[in-house]
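Here come two complexes built around subunit A, the first alongside subunit B, the second alongside subunit C.
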Partner chain A sequence: MRVSILKIIIFSFVFFSLFVLWQGLKKNNNYDTKSLVGARISNFQFTEINNVNKSISEKDLKNNKFTLINFFASWCLPCRTEHKYLINLSKKKIKIIGINFKDKKKNANNFLKELGNPYNFVGKDSDGKASVLFGVYGIPESILVDNNLNIIKKIIGPIDQNQYNEILNLIK
Partner chain B sequence: MKIKKIILIIYFSFFMSLNADENYRDVSEIYKNLRCLICQGQSIADSNSDFAVTIKLVVQDLISEKKTNDEIYSFLISKYGEWIVYQPSFSKNNFLLWTLPYAVLVLGGFIIFFIVRKNKHNRVN
Partner chain C sequence: MLSNIGIGLVYSILALSFLTIYNAHLDLKIINTTVKKIIYKLSLFQITFTILSFFTLILGFINSDFSLVNVYENSHTTKPLFYKIAGTWGNHEGSLLLWVNILVLFSYLFLIFNHIHNKKFRLYTLIFQNILIIGFVIFLLFNSNPFNSLYPIPLEGLGLNPILQDPALAIHPPLLYVGFVGCSIYFSAALGSLLSGYNGKLFAKSIKVWVVTSWCFQTLGIIVGSIWAYYELGWGGFWFWDPVENASLLPWFAITALMHSLIVLEKRNVLYYWVIILCLLTFILSVTGTFLVRSGILNSVHTFASDPSRGIYILVFLSLMIFAALTIFFTKYKKETYDFNIKSKETFILANNWFMAFFLATVLIGMLYPIFLDVLSNIKISVGPPFFNIVIIPLVVPLLFLMAIGPKFGWIKSQKKIFYKILFLILGSVIINLFIFNFFGKYSFLSNLIFIASIFLILNSILDIKKFINNKIKLELSRIISHLGFGLLVFFIGINHQFSLEEDFNLKVGEIKKTNNYEINFESMRIKESKNYKAIVGNFKLTNLKNNLVEYLDPEIRIYSNPETLTYEAAIETKITSDLYLTMSNVSRSDYYNIKFQKKPFMIWIWISAIMIALGGFVQLTFKKNES
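Let's look at the complex of A and B:
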């Protein structure tokens, strides 16, 4: 009788371990910060890239129905591929704020001169610390925020055609 | 008088070095418990990537603002999710993660106990 109880315990344990392993394998292990969707953005302040007396904070976003905060840099190649979508979005009913991430002012200005400036405001984050407030861990990243300062969508990596369409649907 | 001065100097230098050492240990301990999200299996302490450098700066800022370790972890978890810390907090989602090792330990003890008892019983018979 005791032996059979022991066998049941061992069998249950092996079965449970295999079940946990199977569940673990099923889980998506690709890390992203999309869990932040629905959360409220933190208080922030960015100074303008060419004018230290001008700045933007979360309060300014309350005036816009939708704001897209885009983190970019001149040294970031995928930022070039997404730029045309940002230019197109700038013609729609949405404010776009660009945050120049760990970049040189001169290079950032050349980048915008070359590809066009889709931004209503270009802020700077020279050391990347302020971007941590938005859960940024690589660029490009874009965050769509409503006038209640809630995150509606987070795009990690460059904006592509599908994401562009999704943004258009969301801001309709 | 001289002796008093010497004792005071020794006391303060010892106290200062102790304090400095504590601060250093505190920071490196925090870095070791933070995962570099863009590196393969490296902590913030091990990595010199852009992300790790930024997080180190943020942690240093939070320490200078007198934030506790838990407050620092909570802040980073709120921004990057629980994946950023190596030691996850106790919650209903990872309840098994925390309790299973103890359950297995107790279960193993029972199994060993039963086997030993069975062997003893067989030997007596």
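Let's look at the complex of A and C:
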């Protein structure tokens, strides 16, 4: 009798696991940007990288018509290639928040000194945990949010000319 | 042309599998001890056609025959010959053909080399192996055919991803495949054993060679992959707990447990059903890993262009395999009684199994949990290195101790004398650790334990070598080498982790930076042209300020033309005591280059000790051969 209960448990467990994997396949790419677009961003809070008393949360975004949240790090090579687009964007009608991902304060500041600082606010996420809430998988990643906190666009990987133009179109 | 030949060959493999199963089925009814000649012949034809089909595809790649979609998508005329050939298995379809090759190869070798074993057992094994072959050949033909043709024929191919154009990566997949797909033969043998009732010691003897062989190749494959990551990815790391690396670890844990339990089965004739479970589990985990990687359900550097239909096929096949295995297992399962002495060798070998089971569960949960959570509750999380490090590393300490002590205990019962020896060695390890701690740097309590445990295992193994030279028990040698290798591996990884230096800064040509006892002089820059890429090469002069030794390092930024990609090649100066690691990357719109400088102590020893682990297995294989 004991063996048959064990059998049922094992069979149902295997069946359940395989079923979940099958459902996972149907999800069609776990990290698809499309699934996030249209969703509201969750509550968050980041402290300023050089000033622990300053912080930013989702409420602050409500004052901006559009906000681009950009996840970056000094050690990330593609972040360098996208930086010029961020600099150009900073001259447009958009607020840019930089989230410094798993980085050292010194290196991050050098990075911004060297390449220019396009950010209205630089938040720190030294262990990368807070970024996970945004569905960040690797960096660079950027999320475009409107004043209702809806995600309009998510960019995985460095921003290039096409995506730059797309952002400009969206915030017109 | 090649397309037709290839497809014809693959169909004949399929037909031969059906014929083999049919003939084996007929032969099962005849009560005698020899397998029919016709089955040998069918198998010989099958292996010949399989190898021919693979050569056909290689030929397509060598001649850049772009009438094959597969060649068009993954090759280019300007690629060096070596990478044209390696391109054959550098893509999903080609690697699946390699997979089929190994299935057939092991099927054939098992039939040939196991003639002393029970006929029924061999025939059942052959039948199951051919069912696996049929499953994968159908997958190949209808979903991932490397011989699909293209018309009109393009003049040029799309090229191979440059980060795959690396010698280590050219041999990495074949090694891993022999390791992972090789497991198929004892998956089949386990089912064959259950059905034929050919069990116990004899069964252990019949599969041991295959288990050790696939273990060796898996181990080597994982090491080569890790070496590749170190040289090519340019981060200076060698293990990232990336989902694909984890997928390769899953069967490795199972097979390591299997290899150890098999010794108990062979010597004491117990644990038969546990060995069967591990046999089944190892291949099931190999296929699960393949499913996770190829279906695109996980995102990783290794993901081939994902295709959901591919995932569904592997999943269906995996389900069939698991349910068939479970059903056969449960219908044949009988309760075994164990009579173990707590201080005997078997206990320690089983302890190894508990550790492997724990590591396996940890890695499996770390991999699957995000998928399950996403499916069941739409929450996306990522499980990264911190999880694995926290859960796995502390348990390495007792594992190291057991690896040292376990082999000292004899079969069934053991002596008291050993106790004092162990105490003495632990004391020695603590002293060596204190020495390192005091003179080279401080580290955490856990690191102290890791160092003590690994030194303890190393000292033990060294004493074992001394004993081996006196006694010459050949089979012990393989164990000593592998365990010593593991002890050294943990030790050197620990040292490397504790004492690595890393500096990140920007320089332009002609500038000098002083850091960590090194003076780094960015002397000049040149352009290098190669067959498939152009490169900007930086010439750096590194002076060690302590002893004024001068080193020249030339990192590169490569611009590959087909497909157009930028890669950063690290310059690595490998020495016996440490590696100097330098990467440079361009800083847009400025003359500055971002330089990452690392000094990584004992890197080469990490590779050497890892290779030693695999070497132990090869030593056992060669001795086995001599014995028989």
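Throughout what follows, the second predicted complex is superposed on the first by the 140 of 172 C-alpha atoms of A that agree within 3 Å, B and C clash if a C-alpha of one lies under 4 Å from a C-alpha of the other, contacts with A are read in each partner's own complex, and residues count from 1 in each chain.
The rule is short, and it goes like this: a contact is a pair of C-beta atoms (placed from the backbone, for glycine too) under 8 Å apart; a residue touches a chain by one contact, two chains touch by 3 or more.
Remember, it's a predicted structure, so these values are computed and weren't measured experimentally.
In the overlay built on the shared chain, the residue A:37 is in contact with neither subunit B nor subunit C. Greater residue coverage of subunit A by touch, when subunit B is weighed against subunit C, goes to C. In the overlay built on the shared chain, the residue A:24 is in contact with subunit C alone; subunit B does not reach it. When both complexes are overlaid on chain A, the residue A:10 reaches subunit B and subunit C alike. Residue contacts after overlaying the shared chain place A:132 against subunit B and subunit C alike.
On subunit A, the surface patch touched by subunit B in one complex and by subunit C in the other comprises residues 3, 10, 20, 31, 128, 132, 135, 137. Subunit A meets subunit C in the complex at residues 3, 7, 10-11, 14, 17-18, 20-31, 74-75, 77, 80-81, 83-84, 107, 110, 114-115, 128, 132, 135, 137. Interface residues of subunit A, counted against subunit B in their complex, comprise 2-3, 5-6, 9-10, 13, 20, 31, 33, 35-36, 102, 127-129, 131-135, 137-138. Considering their complex, residues 291, 295-299, 306, 308, 311-312, 315, 318-319, 322-323, 326, 330, 333, 368, 370-372, 374-376, 380-382, 384, 504-506, 568, 585-590, 592, 594, 596 of subunit C touch subunit A.
Remark: subunit B residues 37-38, 50-51, 53-55, 57-58, 61, 76, 79-81, 83, 96, 104, 107, 110-111, 114-115, 117-118 touch subunit A in the complex.
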